[in-house]
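To keep things simple, chains are lettered A, B, C, D and E as they appear, and every chain counts its residues starting from 1.
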Amino acid sequence: MILAKVTGHVVATQKCDALRGSNLLLITALDDDQQTMPDRTWVAVDSVGAGMGDVVLAENYFALNKEQYKAMSVVAIVEKVFRDVRE
Amino acid sequence: MILAKVTGHVVATQKCDALRGSNLLLITALDDDQQTMPDRTWVAVDSVGAGMGDVVLAENYFALNKEQYKAMSVVAIVEKVFRDVRE
Amino acid sequence: MILAKVTGHVVATQKCDALRGSNLLLITALDDDQQTMPDRTWVAVDSVGAGMGDVVLAENYFALNKEQYKAMSVVAIVEKVFRDVRE
Amino acid sequence: MILAKVTGHVVATQKCDALRGSNLLLITALDDDQQTMPDRTWVAVDSVGAGMGDVVLAENYFALNKEQYKAMSVVAIVEKVFRDVRE
Amino acid sequence: MILAKVTGHVVATQKCDALRGSNLLLITALDDDQQTMPDRTWVAVDSVGAGMGDVVLAENYFALNKEQYKAMSVVAIVEKVFRDVRE
């Protein structure tokens, strides 16, 4: 999973059946300083009610539920990131 | 999923059975300014009737439907992209 | 799927059962001008009878057939590529 | 699988059901000298009780158990790495 | 699949059940001149009895056998690589 920030959304009326009703979020990967990285943006299906500016966990290939395969998804909203590379 | 533009198509008569009847589109990934990126082009199966120049969503590995595994596919035609990295 | 050129082959007698009888091709990814890119070479199982110098479609993870999972495969021989990024 | 170091963890209360109860670790990929690489950090589910500073093996897509699909996971704690590129 | 050289191995006593009894090899991807590339090293499960210095085929996600999902694996030992990009 990657740490990313919700940076927008996408409107698409003509889409395959599996995406109907899905909220399509633009998410941009974060660097080590929690800043968005240039040209590292994906579109992910929201599954947790994430909003603009939220830091989220996104799974490139959502395989967490065998009965419910999905496209790239936002799977959690992140409250805090503890990081220390020196240890 | 990635944001991409349809930049061409591919003709291939000799192909594996699973690809027969498929429309094979050239899609090129878009950067943060919605411009096509150099050397970031893939071939994707069309599943939504996308045409030349359309901005589309493409899934690298199409796992949206358990009964219908497919190669990389165009899964939606994008009408609008709302993006704001400052938030 | 990626556009690639068949640039060689690999001989391997000691291999896992699933690869027995497979033709192992070296394929090199093509850039926007259809030239092979440096250090972008993979080994793919041939499933369409591709030969040296052929331009092919290769699927990184061959998921086209649910009953017949395979390693990276050449899935089509390309005759023509139509490409126009200006549109 | 990649060699990585546990460099932190993530707190996320709002998450999809499949992640409930999971320990979410920040892991940073190691270079050839076993140093953490900049901007190569992922979030992985811990399955072996790894702690801060541990060198671990992480599987990008955890497919080791057919009945138990999971997101990116830490699958082993590494005690020693023997490496010699000259041979 | 990628061409890689066995450049070491990893000792890990604390690991998930699916990895028990597995031989964990360090493999480093080869460039066009069959030289190991910097910072392109992975850990793969050996399934063919590969040894230090062997050139091998490694599958990033081993999907060759539906009943036997595995982590990244060494699936063949390479004897000869024939390569000609000029054709």
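Rule of thumb we're sticking to: contacts are C-beta pairs under 8 Å (C-beta built on N, C-alpha and C of every residue); 3 or more make two chains touch, one makes a residue touch a chain.
Note that this is a predicted model, so its numbers are computed, not measured.
Colleague: Return the chains shared as contacts by subunit C and subunit E, ordered by label.
Modeller: Under the touch definition, subunit C and subunit E have no mutual neighbours whatsoever.
Colleague: Expressed in ° and rounded to a multiple of 5, what is the rotation angle of the C-alpha superposition of subunit C on subunit D?
Modeller: When the C-alpha atoms are superposed, subunit C turns by 145 degrees onto subunit D.
Colleague: If you average the CA atoms of subunit A and of subunit E, how many Å lie between those two points?
Modeller: Centre-to-centre distance between subunit A and subunit E: 31 Å.
Colleague: I'd like the Å distance between the centres of subunit D and subunit E, where a centre is the mean of that chain's Cα atoms.
Modeller: Using C-alpha averages as centres, the distance is 19 Å.
Colleague: Could you pull out the residues of subunit D that touch at least 2 other chains?
Modeller: Answer for subunit D, listing residues that touch two or more other chains: 61, 63.
Colleague: Between the chains shown, work out who touches whom and classify the graph as line, ring, star, complete or other.
Modeller: ring
Colleague: Ring chains in order, subunit D leading off, subunit E next?
Modeller: Here the ring order, subunit D leading and subunit E following, is D, E, C, B, A.
Colleague: For the complex, which residues does subunit C have touching subunit B?
Modeller: It is residues 1-3, 31-32, 37, 47-49, 57, 59, 61, 63-66, 73, 75-85, 87 of subunit C that touch subunit B.
Colleague: Considering only the defined contacts, which subunit D positions touch subunit A in the complex?
Modeller: Of all residues in subunit D, those touching subunit A are 5, 7-19, 24, 26, 28, 36, 38-39, 41-44, 52-53, 61-63, 67, 69-72.
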